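Shared between the two complexes below is chain A, which pairs with chain B and chain C, respectively.
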Partner chain A sequence: MTTTMDRTASAGHSAKSPLIEKLNVFTAFGLGIILAVVFYVLAAKLIPEDTDAMLIHTKHDQIILLAMIGWFIGFMVGIGALIGPFRWLLGKDLSHDENMFYAGKDLGTKRYFRYTTDHKVVGIQYLVTTMIIFGVGGILAMLIRTNLGNPEGGWIHPQAYNAIVGIHGIIMIVGTIIMITGPFGNFVMPIMIGARDMAFPRLNALSFWLIVAAIPPILSSFFLGGIMTGWTAYEPLASESPAGMDGYIMFICIFAISTMVAGANITATVVRMRARGMTWNRTPIFIYGVVASVALALPAFPVFFLSQIMSAFDRAMGTTFYNPAGGGSGWLYENLFWLMGHPEVYVILLPAIGALMEMAPVFTRRPLFSFNVAVMGIAGICGLSALVWAHHMYMSGWAPLLNGPFMLTTELISIPTGMLFLVLVGTLWRGRLWLTVPMASIYALLWNFMIGGITGIYLSDVPADGALHGTMFVTAHFHYTLMGAGLTGAVASLSYWFPKMTGRMLDRRLSWVSFWMVQIGFNVAFIGMFLVGLAGQPRRVESYNAMFNRGNMVTTAGAYVIMTGMLILLFAVVDSWRNGIKASDNPWFAKTLEWSVPTPVPLENFATLPVVTTDAYGYGKAKS
Partner chain B sequence: MNRRIVGAFATVVLGAGLIAGIGTYVSAAKADTTILDATPAGTLETPQGTLKHFTMDLSIYPDSFFKTSSPHPDWVSYGPSTNFRVPAHSAITFTMKQYDSGEPITNDFFARVAGTMNGTINIDGKDVTKVDANTIGHTFTVRGLSNGKSNLFINVPMPMVPEDKMSENEGEYINPTIVKFTIITGDAGEYVWNCEFPCGDGTLARFGGPMSSQGFMSGHFIVTDN
Partner chain C sequence: MSQTQTQDKAPWWKRKDVKETATLWVILSVLIGGLAGEVIARSMGAPASETMENTIRMMKIFTWVSAPVAGLVGAIALKSLMQKRHYGDTPPAESDHEIANSPKASAVWIVTSGLLCLFALVFGMIVMQEDAKSLQAPNAIHVNVTGQQWLWNFDYPDNAGVRSHDLYLPVDRPVIFNVSAKDVKHSFWIVQMGVKVDANPGYITQTAVTPNKIGVFDVRCAELCGLLHAYMQSQVHVVSQADYDAWIKSQGGRA
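So, the complex of A and B:
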């Protein structure tokens, strides 16, 4: 293993700084913790005490937020994110050897714990981080479901329960946002378009390590009074909540920066770095899904970021953006939140559906049915998803005259969504099916997303929403879309691209067992939840009327089946990665470019950049 | 047995064990895990006939210095516990010593008495059905469903102690307002009670701190068959 660099390689540049070699995830955590403590102590000492005359007591939140800012600065310095910009400011940009070191050349497993710029390393880092996030969110989900196994609740204190629900919600949303674009968008996408790396490799590493930096603040909220507001953090309720909300605010701000950086990088990569001959008509449909996802995220997450900055100001600076007592409005927050919140659903879904549309031709040995309709469907969803946010606010009393128009736009979005269904069904129709887990996942997505989509139409209807708003019906609906469709696509992606990412095949038998347990458990759990929701059980409650007991018992039983299936999948991934059957370069006989490179994929992917002359779906003639 | 089957099974067992362990920790990690049982006191004539009678003595302190290991000694708190256990289908007479000051309550609905025997409470020897909404110290409020058989709603407002009658010394409690009331319990079940007077600190409208943490101004109200 080589850990030193040629110090004479770049005449005119400074010799390599040994600092680059010393920085890693451990120095990042160390420096982050030290600066958090320093900021905390200084803030506690220097910030004046609150007085009784103040409408809002701010000192405690100022201290907590400053400590978290200290953590963030320390972590980013400690991981080495600022070396490149700092050297550039000094007019001494990194040398070729230093860039190769950053790319992880010859660093072995150490590169996974550093600020490594190679997109494949970043993809693996995202994969492991996403699994950890789902692990934490899954544990919280099981605590929720176990508590709800008894109508009286009581296993967990109601306030701890509220905190668990809030953190489960936001951490799972973030996990689902990154679950495909992070691991597979990074590892696979540049190779799929015939590029050597992302357009901005250092920004790529930055987007990943920002997510790692964001996780401790959200977990710290457990010890700061929790997030009592659910994942939406509605104002002014959030301002009335304990300092755990500061962890939420910091988490969202850092994550939003990460998403913006990643979105710009992915867009620039796809627009500027596709292989020669890869026209838009020859660009794989998965790329469309990923680009559409980040195109939605790019305008949405700055809004979310600003909404949280204003929350932080209300809590820590005594402003009243959202406090009606001071001239603010809770509706302002609701609008800002859902301007992000509904496009975010499609930020999650489009890469998942794109991935499954990518796999459908491979496992049916047929061309993708009506590529242009697929692209139009994705574009239609993108356009309409920015015009539907207020259907979350029908019952809030904000702008009742707009309920009708928002109902119309929301129901219209089922048309482009239906086009994607049509593409998948058309590809499956009379195909020569190769029944693998990714193939079965397409059927699972069609089933789950059909239920999630149709129930979404009911919820978009103003009169029906009046009855169903705030019930478990809503909770079941969005789980059917985000988990039943989104997570199913992510697990299929893992199964499909696992051989290219690890050089091993994912254990076939265990992944089938996991697939059926998760899908059956999922449908049992959330159909039970639909039923109690229709019967009127409110969501986000720690205890409930005994009349809902049977449905909740069914849901809890289903959740345990999901848990078992997911743990089996976890074992299958870990065991197959270490001991699985070695995979050939192209085990699925697929035609996209990532399968044309050797496994493990070389540092810069291609010895010679490819020239594309056809689309990637030349498996035969479509019978439409 | 196949190594992979054993490994998968072990992963499931370990995962379930991890969840159970975390759940048990969270379940046990209440700031106040003690439970105060009602004391038997014979029988009592009530509008519902002669019932078994029990008593319970509680206090509301402006700080929690009385707790030997309070994580927040300066927070307002009920004591000696915030979890109360009382028998089902019985008359329970509470005596509450309220030592804290107060202010106008945000929602004056909670200045009215509800859910007590005869709809009254006794404050320093005088029966009342409501308290001046501008001088509320705290409330004792139980509301909600337990097992669906008994929908319990109790609201007892407690007047403030004037500032000039309070001690200047931390942890010294003098001159309480004494509030007595009797409730009649229904079927067994577990409820959550809380104070409806926003007496927290640090966040907007004083709903933070002790109002949003365990073991201070909120707890469990357990009605048991035993």
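So, the complex of A and C:
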């Protein structure tokens, strides 16, 4: 432990205030709740009452939004996010000891409940949080499917049903956005590029704890009347919604900040901190997937943030950004939303496909086929996805003359997407297939993403969209891409990197059982949904004509199979984490850098930083 | 790089595994194209306008065009799976080649997908123009559609004062819908005719169609519009011109 003179000076100062050691998730929740209540009470007292003469009533929304801002400030102060910036304001920085404490040195499991900067701790925090988010979203999905088990609408009140659909949607979108860049982008990525940590470790902790801060507002919306708009929160319906909408707005705003922070951090890390000799041609393809994803999120999420701020102003301050009566336009919201909303699906997909492309050479024991085409495909998707947003608006009547140009850009995206297929099947061809869950997941991805992709070609076509827009066909299509392709990649990543992250193997038998149940249940459920969509069942309905009954029964049955499979996976993860078979440092005999460090990975990863002389795909005859 | 297939004397297309993959490709393509095309046509039901007929035909053609792509991916993936499998805790031996690239294969793949893309685009544009013809027809009748939570109002401006909640249309005559909404966004959708446009408060949007079958068809709202969105349904009665005139008269119009 080397401390220079000026470091000791600042350490001497901070020794008087061991505040940094007192803050953790409990103080964060405590302070958050206290400030929320204080803000609520003060706002209720001080803000003047609405009168009947007023055109719109704003007081309730102002109170709720202020209380949530109180929660946000309290939580971030309580977790210790402001200690660093506050020191800088005083013209000082954290001492070496404090930085070590921040990194979670010698803290054991306590470090998982603190503002810890070690990227491996953040990775595990993200993993557990993602699983919790999927758990909540999954329960909501099962409520939806159970309610749709019979045509007359079930036992859920339409208002509650709409809230469930909307919150299922947005929380799953957030879950899938973080499911790979969060856990594996944080835990694995820095080791894979030969770095000791992220470029900005404190921003890394910040991005994670922002997500935790964002979750209570969206869950609270259940108790504030729910959101009745679906995950898209279209205006002017959103302005009409009860105060639950404010929870949605706060959730998106905080999450958008988290995504921007994480995006800047990951991009900086990959650009600046790759090991010596790791040229762009030697950088693993998973890194490309992650960087492309966050680079895409960087311009997209500020737009989302802004769209929700404007929504909040319309609700609470009487502005009319989206209200046609005051010169606004609902189409403005749609444009802002989809400017984020379409890049966002590739934010979800690219890391998943990148991860599976990373695993393909390992489990076929041959080089990745056409690395350059893979990079071109990822870059092509990145570029084009910023230009396709209005294909969600073909039927909105906003600008019929733009339908042709957007049809062009949308169909062009099938070219770079096709390149990724070429890379995957090219790698399978004449390989020796080591049949593990990640290997099988590559097949599942090819199958699911092919269906998701081809149904996307129908939807990209304007006349066909006239029949299919707003139907269950669309719902099935994006579940095939985000769940069938994206989540499959995430589960494969989990079983591939589980040994490095936990030191144990994920139970093989249980993960196979789970794999088959989820994949079969998924295909049964969503092919049923395609059929009712083609036949004309609208999305987001809580009751439907009797003619759709059979398809919905099939979907509901499939959903229960998925649920069982997911519960088995959850059990496998928990059980293997605690008492699974001990894993060696490199159980898959892979060549990327993360397998070259010991398990558990020590603080700062590498004793001496590695020097890279070749790419990581040197499998095949000559090298064996 | 691509010093490939050094062990094979025969040209690549004569190799056994390539031939088998090609056979598999043909079989899979026909299966996928036939099966998916049939499922789509059956599920979408009987069309009630030329627009819907075009849409179904186009989706079938798109299916047949993408079937060879899906078939090829499937064939390569399946053939690889059938060739060399390995189970166990330790990895298999390294594969017997180190092909990392094939510029030819990549180029063919990219050019082909580009051409398919172009085909889809041009074809889609043509059908789009075809469908837009009803919008320019001189003999078209107009219907003003107003969505409100949670029902549809149909006004017939050629006969001031006539309003209904079920839509009545004469067969084989172009109809132009001027669509708007009172409160929030809705989406006006005639299921069997394959036309749809959002109803926006404060703005008028247009769509047009020529019904070509007598019968009763469905209008559904296709944009989540709040509490009773699921129940925002209505019907279209497509009748002969004479029956239509009689209905207009019965509603107090001039016919």
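Assume the second predicted complex is superposed on the first by the 605 of 624 C-alpha atoms of A that agree within 3 Å, B and C clash if a C-alpha of one lies under 4 Å from a C-alpha of the other, contacts with A are read in each partner's own complex, and residues count from 1 in each chain.
As a working rule, a residue touches a chain if its C-beta (ideal position, glycine included) is under 8 Å from a C-beta of that chain, and two chains touch if they have at least 3 such contacts.
Being a predicted model, the structure only gives us computed values, none of them experimental.
Participant: Just chain B (first), just chain C (second), both, or neither: which does A:N586 touch?
Facilitator: Neither chain B nor chain C is touched by A:N586.
Participant: Just chain B (first), just chain C (second), both, or neither: which does A:Y544 touch?
Facilitator: So A:Y544 meets both chain B and chain C here.
Participant: Name the contact category of A:P236: first (chain B only), second (chain C only), both, or neither.
Facilitator: both
Participant: In the superposed arrangement, does A:P158 touch chain B (first), chain C (second), both or neither?
Facilitator: both
Participant: First (chain B), second (chain C), both or neither: which does A:R366 touch?
Facilitator: second
Participant: When the two structures are overlaid on chain A, which partner does A:I457 contact: first (chain B), second (chain C), both, or neither?
Facilitator: In the superposition, A:I457 touches chain C alone.
Participant: If we overlay the two complexes on their shared chain A, which of chain B and chain C does A:L534 touch? Say first, second, both or neither.
Facilitator: second
Participant: Counting residues of chain A in contact, which comes out ahead: chain B or chain C?
Facilitator: Partner touching more chain A residues in the overlay: C.
Participant: Could you say whether A:M228 touches chain B, chain C, both of them, or neither, answering first, second, both or neither?
Facilitator: In the superposition, A:M228 contacts both chain B and chain C.
Participant: Would you check which partner chain A:L567 touches, where first means chain B only, second means chain C only, and both and neither mean what they say?
Facilitator: Touch status of A:L567: first partner only.
Participant: Hey, what residues of chain A end up touching chain B and chain C alike?
Facilitator: The answer is residues 153, 158-159, 228, 236, 240, 542-544 of chain A.
Participant: Quick check on the complex: what are the chain B residues that touch chain A?
Facilitator: 4, 7-8, 10-12, 15-16, 18-19, 22-23, 26-27, 29-30, 144-149, 189-190, 192, 201-205, 207-209, 212-214, 218, 220
Participant: Per the contact definition, I'd like the list of chain A residues that touch chain B in the complex.
Facilitator: These residues of chain A touch chain B: 50, 55-57, 60-61, 139, 142-143, 146, 151-160, 164, 225, 228, 236, 239-243, 314-315, 323, 507, 509-510, 513, 542-547, 563-564, 567-568, 570-572, 575.
Participant: Can you name the residues of chain C that touch chain A in the complex?
Facilitator: Going by the criterion above, the answer is residues 17, 39-40, 43-45, 51-52, 54-55, 58-59, 62-63, 66, 69-70, 72-74, 76-77, 79-81, 83-87, 89-102, 105-106, 109-110, 113-114, 116-117, 120-121, 124-125, 127-128, 131, 179, 183-185, 187, 189, 191-192, 194-198, 200-203, 205-207, 218, 220-231.
Participant: Along chain A, where are the residues that touch chain C in the complex?
Facilitator: Checking each residue of chain A against chain C gives 153, 158-159, 162, 228-230, 234, 236-237, 240, 324-325, 329-331, 362, 364-373, 395-397, 403-404, 407-408, 411-412, 414-415, 418-419, 421-422, 425-426, 428-435, 443, 446, 450, 454, 457-458, 460-464, 466-467, 469-471, 530-531, 534-536, 538-544, 587-589, 617-624.
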